[in-house]
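In what follows, a single structure is set out as structure tokens and then discussed.
The chains carry the letters A, B, C and D, assigned in the order they are written, with residues numbered from 1 in each.
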Amino acid sequence: MANLKVNVLNMDFKNPILTASGTFGFGEEYVQVYDISILGGICSKGLTIKPKEGNKGTRLWETPMGMMNSIGLQNPGVEKFISEELPKMKKYNTKIIANLGGGTIEDYLEGVKKLNKTDIDILELNISCPNVKSGGMAFGIKSEIAYEVVKEVRKVCSKPLMVKLSPNAENISDMAVTCEKAGADAISLINTLKGMAVDIYKRKPVFENTYAGLSGPAVKPVALRMVHEVCKAVSIPVCGIGGITTGKDVIEFIMAGASLIQIGTANFVKPDICLDIINEITEFMDKEGIKDLNEIRGIV
Amino acid sequence: MKCSFGRIIENDKIINNIYKLEVEFDGKINPGQFFMLKTLDNSFLLPRPISVYDVGENKVVFLYRIEGHGTEMISKTLSNHEIQLFGPLGNGFNLQEIKGKTAVIGGGIGIAPLFYLIKKLKKENTDSYLGFKETPYCLEEFERYSNKVVVATEDGSVGDKGYITNSINVKDYDTIITCGPSIMMEKVIQMCRENDVKVFASLESRMACGIGACLGCAMKTKKGNQRVCKEGPVFNGEELMIY
Amino acid sequence: MANLKVNVLNMDFKNPILTASGTFGFGEEYVQVYDISILGGICSKGLTIKPKEGNKGTRLWETPMGMMNSIGLQNPGVEKFISEELPKMKKYNTKIIANLGGGTIEDYLEGVKKLNKTDIDILELNISCPNVKSGGMAFGIKSEIAYEVVKEVRKVCSKPLMVKLSPNAENISDMAVTCEKAGADAISLINTLKGMAVDIYKRKPVFENTYAGLSGPAVKPVALRMVHEVCKAVSIPVCGIGGITTGKDVIEFIMAGASLIQIGTANFVKPDICLDIINEITEFMDKEGIKDLNEIRGIV
Amino acid sequence: MKCSFGRIIENDKIINNIYKLEVEFDGKINPGQFFMLKTLDNSFLLPRPISVYDVGENKVVFLYRIEGHGTEMISKTLSNHEIQLFGPLGNGFNLQEIKGKTAVIGGGIGIAPLFYLIKKLKKENTDSYLGFKETPYCLEEFERYSNKVVVATEDGSVGDKGYITNSINVKDYDTIITCGPSIMMEKVIQMCRENDVKVFASLESRMACGIGACLGCAMKTKKGNQRVCKEGPVFNGEELMIY
């Protein structure tokens, strides 16, 4: 039988399948749907130091084999996450990744310090959320600016630090290399692509912030290319994200060099899709005589 | 609640672009709850939220209107084929809170969640007010479980001419339940507030996950952000801010 | 009845619908399918100074609501275009846009000089093709480099000059502004997004060049966002391209500020789709009481 | 050639994953030409190239195998529904060049373009060699228009055991026409070259436009790049380089 175990960042993951930030809440809702302890891990909804109400107006829009969202980081804040959500999450018997967003470097640092004291397994630093008007975006576009925030966070962060990149970065592999230099332990990508929709009857943009984040199968070819570029450029582990919907998609990302995988939009397509995906990976490996994912990681 | 593939017993056009879909399903469902439905052909991405219209032995019944691509694709799925079925979702109506003389006010396809509700209420206490643009549908079914059915059409072809909200005197009721176009529900809630009548509304919002995880369906209420899919779709009129 | 006429670059177009370079050949093949004189214009297959054989291996791959291509600019060369294709094209009673690709600045300049002497209506300078290993790509990524080539081309070009941008540019609105400053008369965007696919059974990239260009409905939200950004940034006309498949898509791009539109991948979806699109635009305008596209151009 | 929506007369499973599709169509078609087919539900993007299997009065017949998502979606489209039909495309077989004793060699679904061809050839001059992995199909139809039909299956369940290329002596023929898996066609062409027998092959390539505009299907031949959709899909074995 195929072995799906992955050892990354000195930790053992049951398998490479994590759920992506913002698409799985804090896991609670999915407990009723399937046994989420089969997952490699869960990334929390993006957290900010202060609670956030999120964006007004339309928050979701379907596009051809994709969707756009403009949730605007609605979340209960780091403290409430630690006191109310994390204790529940720790019971799910899977790795817990806290996804931290922020407006300023100070916000990030404050969040990191609070999360240091908890038993989260990984801190995922989101330098890419395109939905918060002030801050957020800037960090993820220019490598120099990303360097600053990652370096500062690294100084105070006692957890394994995974930096989540935006596909809107000017140069994705340069960005990854810069984050590695600044002290990132791992890179995850991609976050959503900046997109737009117009309501032609109302003659207005669909989203109040005009632009919103595109995700889902539509973006998979772009995500895979970026993951491939980044895997060739850095020597730290890479977590592949973007439009992954099937076990075969996962294999593509692993062949491109990814160590871990995050499933986002696909959770909406079928709420227990991660179960199917894990089964499909096993099936593929068995059929192709692959015993361990290391045999195929990065072979393209 | 589980995600499953349900066999379609029937998926027939009722009239114009209104369809009735019966799917095999076994499990407890509250009136006012909904399912996320998706065809198995990859012709669209996100499942579509559709209310429970009725529940039968080992089956759940939906009443839906072709609105765009997704509902059109659902309408083309045939009997004996399977459809992806996730639910029941949402809070549904709290039957304990529905007391005394009750009116349900439905507009167009908004009548859908009201039928299984009135089946659960005392017939003699329940009046149905149903408004349509043109040709009404499902009237006979509502008559079977209503003390009386009042119908209005915008073109006056059946029942009162004009909006259904002109045909009701909310003061006659202890509880009002409404579902339909925003503008109709707004009017109903406003009338109920002015006359101190308890009112519940079943709301719509664009959805992705349907179970409270994505926060895409959030709506501002007096209690703060509420998820239409989880804290709703049924809300107490008092909480609602949009009106 | 709605008026679809567009006056751009001191020319009258029957309507804003052009066919995109590389998706319509030189028009000849479509003559048998429908009356292509209904089109606003036709962009030629990308031309290079020397004939090109194009890429080896797989050239096409379908993705969720999109496709990737790696044609590699197979074309007969500028001279043969002028002697054999252009005379036929001029008979179609529609505007003719010559799309010029190139490897070096010298190649571009040589091509421009040859095309100057012809009766093409517009020269579309493709600084974005991601499929040719040497050159091509570089021009479209960094604004400074684009500036050089556009400035040089401008000096010698006697035709209206439309510069076609790559969505892989580091900063799309900066790129557009730079091209405007360098003398572009119009901007067209987007070319294809850089993507990748892996053949997991062969354990190899699908394309010999590893990466290929993504197009089709999947990319529409990104294209629309970029067109919107560029329209806000420049004062020259913008030609919107990317995933446009319906009349409603066209209206979105026009509301975002586009003066002209190009239809690419959609021509494959249904060979006479431009006909449907033009009818849908007319229908929409009539229903919404829009007499002239200027009433809605750029209103979002 | 036009792009139209054709009414489906029949779309039935022949065996396993092999389907026969009959669509209303009126127009001239040469054997060896193909159509680009697409369902109307948006479940995939690019039309799929499928050869003409047969032509009847006001109809065209296709024989296809479910290979992936597109052909699966086509297989689910029902009689009386419409399908997008673009063609006939490609050169087709040049009947003038097919002379003397002739053999068609088809492998699996590669038999599809050969049937309408043999209908146009002299029966007494035409032998059909059909190879299959397991269970053969359409044998009776081929028998009706062939001098003889030789069958081979890899598992030996019907006819000769092994590859069909082992069952033929190409020297017995003046002209050979082949369609099937590359490895089979390669073998056939090699044998024909060695024995100086004229050979034509119907090739496949991924396609987008189907009419020569996108250059996506280009293939290197001795004459330079050729478009499988336009200069092909039928090529003279002499021109082909891959073999």
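FYI, a residue touches a chain if its C-beta (ideal position, glycine included) is under 8 Å from a C-beta of that chain, and two chains touch if they have at least 3 such contacts.
None of the values given here were measured: they were computed from a predicted structure.
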Separation of chain A from chain C, taking each centre as the mean of its C-alpha atoms, in whole Å: 34
Distance between chain centroids, defined by C-alpha means - chain B, chain C (Å): 47
Distance between the centres, which are taken as Cα means, of chain D and chain B, whole angstrom: 52
Touching two or more other chains - residue numbers and ranges from chain D: 42, 44
Residues of chain A whose C-beta touches two or more other chains: 64-66, 216-217
Graph class of chain-chain contacts, one of line, ring, star, complete, other: ring
Every chain pair meeting the contact rule: A-B, A-C, B-D, C-D
Contact set on chain D toward chain B in their complex: 41-44, 69, 73, 76, 78
Interface residues, chain D side, partner chain C - complex: 1-3, 38, 44-47, 70, 84, 86, 206-218, 220, 224-225, 230
Touching residues (chain side chain A, partner chain C) in the complex: 63-66, 68, 170-171, 193-198, 200-201, 203-205, 210-211, 214, 216-222, 224-225, 228, 243, 248, 251-252, 255-256, 284, 288, 296, 299-300
Chain D-touching residues of chain C, taken from the complex the two chains share: 22-25, 29-30, 32-34, 45, 53-54, 56, 58-62, 65-67, 69, 71, 74, 216-217, 265, 267-272
